[in-house]
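Chain lettering (A, B, C, D and E) follows the sequence in which the chains are written, and residue indices restart at 1 in each chain.
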Amino acid sequence: ADALRIAVQKTGTFAWELAVIRAHGLDKQANLSVEVLELASPEAGKIALRAGNADIVVTDWLWVSRERGLGAKLTFYPYSSALGAVMVPASSPIQTLADLKGRKLAIAGGPIDKNWLLLLAWLKQGGIDLKSDAKIAYGAPPLLAAKTLSGEMDATLNYWNFSAALEAKGFRRIAGIEDLLPKLGAKGRTAMLGYVFDEKWANTNQDKIARFIAMTRAAKEILSTSDAEWQKIAPLTGAPDAATLRAYRDRYREGIPRRPIADEEADARILYRVLAEIGGHELVGPAPELDAGTFYHAIPGD
Amino acid sequence: MARLLSFAVFLVTWWVASLFAGDAKLPPPPTVLTAMIAEARSGNLFFHLGATLARVTLAFTLAMALGAAIGYLMGRVRLADRLGDPWLILLLNLPALVVIVLAYIWAGLTEVAAIAAIAINKLPTAVVTLREGARALDAALDEMATVFALPRWSRFRHVILPQLSPYIAAAARSGLSLVWKIVLVAELLGRPNGVGFEIGVAFQLFDIPLLLAYSLSFAAVVLLIETLFVQPFEARSYRWRPRAA
Amino acid sequence: MRLEVEIASKTFKSAAGEQHDVIAGVAFALGAGEVGVLVGPSGCGKSTMLRILAGLDQDFQGRISRPAGARIGFVFQEPRLLPWRSVEENVRLAAPGADEAKLSALFEILELKAHRNHFPGELSLGLARRVALARAFAVEPELLILDEPLASLDAALASRLRDEIAMLVNGRSVITLLVTHDVDDAVRLGDRVILLSPRPARILADLPIRTPRSARGDAETAAIKSDIMRRINGCPTKRDAS
Amino acid sequence: MARLLSFAVFLVTWWVASLFAGDAKLPPPPTVLTAMIAEARSGNLFFHLGATLARVTLAFTLAMALGAAIGYLMGRVRLADRLGDPWLILLLNLPALVVIVLAYIWAGLTEVAAIAAIAINKLPTAVVTLREGARALDAALDEMATVFALPRWSRFRHVILPQLSPYIAAAARSGLSLVWKIVLVAELLGRPNGVGFEIGVAFQLFDIPLLLAYSLSFAAVVLLIETLFVQPFEARSYRWRPRAA
Amino acid sequence: MRLEVEIASKTFKSAAGEQHDVIAGVAFALGAGEVGVLVGPSGCGKSTMLRILAGLDQDFQGRISRPAGARIGFVFQEPRLLPWRSVEENVRLAAPGADEAKLSALFEILELKAHRNHFPGELSLGLARRVALARAFAVEPELLILDEPLASLDAALASRLRDEIAMLVNGRSVITLLVTHDVDDAVRLGDRVILLSPRPARILADLPIRTPRSARGDAETAAIKSDIMRRINGCPTKRDAS
């Protein structure tokens, strides 16, 4: 079997997929021997890739393109189109995104978070500059989720898994970021997260990657059809109750990318421009356009 | 002179190392300088540096003052030491992350919570250092001060303080470095500005030059303060020591 | 103003855990203007006694009555200066009330004028001891305690200083306690010479000298001296108590 | 006795505080204890604690040994101080995060990189503390040792070391606490095990009892080591000091 | 084996930045078995000189020639013991070769037997000074330097120790240098008495005593003593150099 080193965040969704792969022996069927490096923080994967300790990690194309602009030739294959969501307490007077004006907002991931930038861009089209019109608290996603739960915040924009957990606790979903994409020019749900690996490595391991992608697709298929499978991975998700697990399940299934890669890339190109405009040089680096080689095309059937 | 030379050696080492390691692994000095200048131009550097320095100053002062007082007490009064010791060890060995998270949970995502959390992290290290200092105080001089009925303040200033000063210096230097490490975590987890916040951003983007630009700016500020204020002051107050070879 | 000393016993516990009896019953009293001199073998407990009666050691059996709130001038056996303060600062800190004229006079007498701005680390031992003397004198003490004040000084200087001490003590109503190994000093300065036994210290003899200091002739001092020497050597000194 | 009392007071304070703050903000002792026992049962606690302790031990020993040597040198040799000082200040004020990230990038996500990064973070604080100690060394005893031609080792062991020992104690205690804070970051960013890893996971899941369970376990280990080994040893080696009131 | 001393000048720079001349031309030589005694006013530069000729201070104008690799026994003016080591350890560290019999004898002579396990902080100053003596004797020095070794000791003990020093010095071919303020000690112990001026130190007189120590009668010592006293007081001492 061919060795494949994968770095995952232990609490991340990719770890769920890998659990399914292992449980069903999909790796053996694909003739891959998957070495999983479990890490504890979201940023650790990037270090692992950079340090050469992992072949594949999960992150977004924004970073891939930026890195390519700076000289590191990485490449990207869609993994999930799930994006964050704006959540408010059930009894909140906030009904639409426009109502966020003047409120206390918790923004997970900081000022360059893609969810946040997309939300800003969307609101800007309606003439609202949320950055100056609302009280913003940036912070670590779990902390902000807890803060929202305790009522310290009027609303939160958090990653999809934290949003799902809030949803299960009775919070109201004002909008998912993926709902905002059409107005920003995208044709459909766009996978911003993907498997990321080195281009040179990919070119010499095309077959291995193809088998890997096929394997993950199979896992996704299982997760999207079997509810029993979710019971098995429940401990991994950390879901404290059935409602939360259900929310995780539904959002996860929605996020499975099903569009042709060319469509994904076209939409990414559009969104990149939006993000570059609002996030500026700091976010995207020197390149004003999505770098040409950002998407990996060599998967048969795409 | 020697300092300048040493600084030059540092720059050269860095540059050479970056040539060997490659830009991606270690950006050379000019790249970092460019990033620094760009941040300075946009005003970002000063804004974030200012925010962090304000927090550092407050938390540091708080922790040093309180830590020195408690450490002195524990070093001198046996009972205080006995009672305080388990708390001290606990506080020493509580992870920064936990303290910061708890502070944010209790006091909200506020400036007060951040500063308190940082101070609490630094406090115990000041305590242990000053405690050693207080334990090593010279009993003979103490007797002298008692016999001559030196007033409290005079006794503190002229008898106790000079004996504690190497311990204070050690606690201050290593403490500042600790505060600086922790303020970054606090800013990373729940503040909307400061060097830690920017480093968090740079880290998310994996922008090493930016990461280094902010880190080195802070180090430069400290280096400046050391050279201009602390070391001349130290040289003056240690004049009495027999000069080393 | 009277100093009353009654030390029934004083023991030290050494770090090794042994018990050491240091004082075994010492009682005497001194009035204002009187100079008591303690003479005893090295290690018998003299410094310990001084520390007790200055109030520095409370851990003993017995009773001390000191004039309440009396200013104390103490010349310790070692100089005990603050190494990080200049000679002048060392003196001024102990005696914040002393004026410039007074200090100048003191430094002149003690031949310290050239060393006012030196740190203690830059002094010879004799110089440092003189600074300690200056400090004790500068506070204008009501209780003056001198632990071998004239050791490490050359003969000429020592004799001049002896006269200075005599003058200081004569002029004002100060209670003075002096420890010395020099019987000559003892006889010239003391109004009362207390002879101590080897450790644990007991009083061997308490010899009053009734002639006023200024009137003591060479013959008289010699006589008293030989009396003391006889007493010291007469009672066969128990050597080391081990 | 006093220590036990103090510990009891700590437990009570915590419990009462948790009653006021509510479970969500501060879980009461039994909840944390339950989490601790569950982790211990599963063997997880010992596995992660062991991994972290191994890293801590290595990095701490390395940093203390090297830091003490460098600090001693800088305290005694003026030129070394002049040359080393800028580097020292830089190293002191480099954020832990940056050092760790750079170490991982250069040496890979390896054990060596983690331990080196932790040691580098702790090193400068040991240096500054020992430097103060070396500066305060007694010249008179040095002369004595020279005149009597004490052999190198004997001089180090009997003349120098006892004078440095309060500084070493301070550096060790506050240093251990620093190492412990940093090992967590290192484990968070690039190790697949250790208390830091588990705390990172607990934080992502926002499982406060688990967070506390791991933190307190480590503190308990240190408390145990202090009580059983360090403090008796200290009491012995400070016997010579006049006992405080 | 010879000690040759030629110090043209020695200056200290004080922390305040002033220059202090401490020695202004001192030259003498001592052979094995000889005892040189330095007598001079307090603060004139005696201890400085001793530090120079023990090799502890290299920063001076002049030349010292010491027997190469000679074992030195130095009794500093203060005891300079290691506070964290017991009395016995303090001695053993300096003299690792000394055997138990030797140490016992030394402790017996110096009346230290009861204090072997004490830490220096638990000693009286006189006891501590005796430990310093024990340490210097224990190394069986070839060059013995004594800076006021008998200060802070009672008269009886001091006289016994003076005899001990004389015995030690007589028995072996050791070069001895003694600083004392006690002219009596100087005359009884010295083969040569070197009188020094106040700071900066110059040699006022270099007086050889030709009668062997053991043969010196009371009359002779008295004569030499009065000669020395005359010389010291005869040349009118420049007081404090300020």
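A few remarks follow.
Going forward, contacts are C-beta pairs under 8 Å (C-beta built on N, C-alpha and C of every residue); 3 or more make two chains touch, one makes a residue touch a chain.
A quick note: this is a predicted structure, and the numbers were derived from the prediction, not measured.
Note on connectivity: the fewest chain-to-chain touch steps from subunit A to subunit E number 2. Between the contact lists of subunit A and subunit D, the overlap consists of B. Under the touch definition stated at the top, subunit A and subunit B share these contacting partners: D.
Separating the CA-averaged centres of subunit C and subunit D is a span of 50 Å. Put simply, the C-alpha centre of subunit C and that of subunit E have 26 angstrom between them. Subunit A and subunit C have Cα centroids separated by 85 Å. The residues of subunit E that reach two or more other chains are 15, 78, 119, listed in rising order. Multi-chain contact residues of subunit B (touching two or more other chains): 101, 105, 188, 203, 239-242.
Residue positions 43, 50, 140, 143, 146, 150 of subunit A are each in touch with at least two other chains. Those residues of subunit A that touch subunit B in the shared complex are 43, 46, 50, 63, 66-67, 70-72, 106, 109-112, 136-140, 143-144, 146-147, 150, 152, 282-283, 285.
Across the complex, subunit B meets subunit D through its residues 2-3, 5-7, 10, 21, 25-26, 76-79, 82-87, 89-90, 92-98, 101-102, 105-106, 121, 124-125, 128-129, 131-133, 135-136, 139, 166-167, 169-171, 173-174, 176-178, 180-182, 184-185, 188, 196, 199, 203, 208, 211-212, 215-216, 218-219, 222-223, 226, 238, 241-242, 244-245. Looking at the complex, you find that subunit E touches subunit C at residues 12, 14-16, 18, 20, 39-43, 46-48, 77-78, 86, 108, 111-114, 117-119, 122-127, 130, 148, 151-158, 181-183, 229, 232-233, 237, 239-242.
Per the touch definition, subunit A reaches subunit D in the complex via residues 7, 9-11, 37-41, 43-44, 47-48, 50-54, 140, 142-143, 145-146, 150, 238. For subunit B in complex with subunit C, the residues that touch the partner chain are 140-141, 143-144, 146-150, 154, 158-159, 162, 237, 239-242.
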